[in-house]
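Per-chain residue numbering starts at 1, and chain names A, B, C and D are given in the order in which the chains are listed.
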Amino acid sequence: MTVSLRKARTVIRKTFEKGAEMGLKPLSVVVLDAGGHVIAFERQDGAAPGRFAIAHGKAYGAVMLGMAGTAQMARAEQQAYFMAAVNGVYGGQVVPVPGGVLLKSAKGAVIGAVGVTGDTSDNDAEAAMTGIEAANLIGEV
Amino acid sequence: MTVSLRKARTVIRKTFEKGAEMGLKPLSVVVLDAGGHVIAFERQDGAAPGRFAIAHGKAYGAVMLGMAGTAQMARAEQQAYFMAAVNGVYGGQVVPVPGGVLLKSAKGAVIGAVGVTGDTSDNDAEAAMTGIEAANLIGEV
Amino acid sequence: MTVSLRKARTVIRKTFEKGAEMGLKPLSVVVLDAGGHVIAFERQDGAAPGRFAIAHGKAYGAVMLGMAGTAQMARAEQQAYFMAAVNGVYGGQVVPVPGGVLLKSAKGAVIGAVGVTGDTSDNDAEAAMTGIEAANLIGEV
Amino acid sequence: MTVSLRKARTVIRKTFEKGAEMGLKPLSVVVLDAGGHVIAFERQDGAAPGRFAIAHGKAYGAVMLGMAGTAQMARAEQQAYFMAAVNGVYGGQVVPVPGGVLLKSAKGAVIGAVGVTGDTSDNDAEAAMTGIEAANLIGEV
């Protein structure tokens, strides 16, 4: 099972709708495939220019480790040097906080990840989950 | 003058439509702002996983140098070591071939760039120009 | 709205004047545009050779995140691993302390940033604000 | 003998004046010290955003190798792989073409370098030499 571009677009559009409904700051959303490669990305007008890298880092770490942002953050708080080292081996591309959401098949396999940034990490993650569910995908925050 | 997300989406959708009409392979399209930062990206189903970096490299070099892909390719063919060095100073992120298209204001200022990859460089550039014109933007191939 | 070279020169000159008036150590000042690219930089005689990278890192992080140095420092103190990860995704180019000052338009859009280094972070920031105001620009410390 | 900030400013201002007189495109000029570290940089309005890296690369290679841009280009044309390797060892920061001008003391010691970019390499170098001479410095193109 793979994430189609059509599904990725739905995730992004519905995440933005949820962000607007929640009154969040402008969001940026990336959708990665099971190999950690970008399928689609959008940055809302008014977001800071560097948001691609943050969104990507949240999602990339999730795919590469098979661990969603919340679990990564817990590990970073327990053992900061471990997550710093993980970041090093992945070329500095891991941002271990909520808003990095795993996409899973019904059987539990990781089929990609979504990265959302722009508001607080928890709000980012909440908007992401709404987008993921709207696309009939299964997310793990 | 800046490129809005709405305009960027139109560029991408219309580039894909032109690609389908021309019978091209699956395309990937990125739209960057005037600072070389990603506004939007989409990779069509069936495209190779690494297409983000190619699309980005075509557009990024165009913005950073203020020089479209065709002019970059001419320089690379005349003076290969110069374009190799340029690539070095930009962290290896420059792909100097057609398909990197500058976006310009009516007064000629660079306001961003589009990068298209997936078919031949010339076909990539032709599809990009159709997308750019459909968004009422001015392109330089 | 963009920051002209003329404005950037005024920021630098007036920051140096304020530094002299306050009796600060030799300062280095960079002015970046809205994409995080260097418009102008000067290092005063007697400053350490590596000051460009520090000044740049203060200003670059501010632009890329849309967050001034004071807010970055607060985040780094609350969640050190997050700012370390952010630094990773921006290639190690972020220095999250005061002295990185956002430049904003009257409507609140980020139009660039100033980075000052040489004395304490707070003194750097104070001198920067004087320079920014002398150029009729709006700063956020 | 070191290059003062005052001298560096004169080099930059006079290089711009010469560029205007010659009808060149907007220029960017960097002045480095004997250790290859930035003293001052300015990018004229209208220049492409990525010009710092090109100007810096021209001057940095000159200082690090003790060889001006013209000599570097000759070496690149004879032995491209050598200059590519040199670029590698200096972290991709060498641009081996004219416009990278050594600054020398009366006794022939390298005291810094100037990097100019924006027009053709030869025009860049000509404008640089005018700026250097106006500051009573000795240049080697």
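Definition applied: a residue touches a chain if its C-beta (ideal position, glycine included) is under 8 Å from a C-beta of that chain, and two chains touch if they have at least 3 such contacts.
Since we're looking at a predicted model, the values are computed, not measured.
Novice: By CA centroid distance, what chain is farthest from subunit D?
Specialist: That would be chain A.
Novice: Nearest 5 degrees is plenty: how much rotation brings the CA atoms of subunit C onto those of subunit D?
Specialist: Fitting subunit C to subunit D on C-alpha atoms yields 180 degrees.
Novice: Since subunit B and subunit D are copies that touch, is their contact same (over half of the numbers shared) or different (under half)?
Specialist: The interface of subunit B with subunit D is built from mostly unshared positions.
Novice: Could you state the distance in Å from the CA-based centre of subunit C to that of subunit D?
Specialist: 25
Novice: When the centre of a chain is set as the mean of its C-alpha atoms, what distance in Å lies between subunit A and subunit C?
Specialist: 30
Novice: How many angstrom lie between the CA centroids of subunit A and subunit D, rounded to a whole number?
Specialist: Here the centre of subunit D sits 43 Å away from the centre of subunit A.
Novice: Could you check subunit B for residues that touch two or more other chains and list them?
Specialist: 33-37, 91, in rising order.
Novice: If you connect every pair of chains that touch, what shape comes out? Choose line, ring, star, complete or other.
Specialist: Chain contacts: none of line, ring, star or complete; other.
Novice: Which pairs of chains touch one another in this structure?
Specialist: A-B, A-C, B-C, B-D, C-D
Novice: For the complex, which residues does subunit A have touching subunit B?
Specialist: These residues of subunit A touch subunit B: 4-5, 8-9, 33, 35, 37-45, 49-50, 52.
Novice: Write out the stretch or stretches of subunit C touching subunit B in their complex.
Specialist: Those residues of subunit C that touch subunit B are 33-37, 91.
Novice: Using the touch rule from the top, collect the residues of subunit C that touch subunit A in their complex.
Specialist: By the definition above, subunit C touches subunit A via 34-36, 63-67, 79-82, 84-92, 109-110.
Novice: Tell me, which parts of subunit A touch subunit C in their complex?
Specialist: Contact set of subunit A toward subunit C: 46-50, 53-54, 56-57, 76-77, 80, 83-84, 87-88, 92-97.
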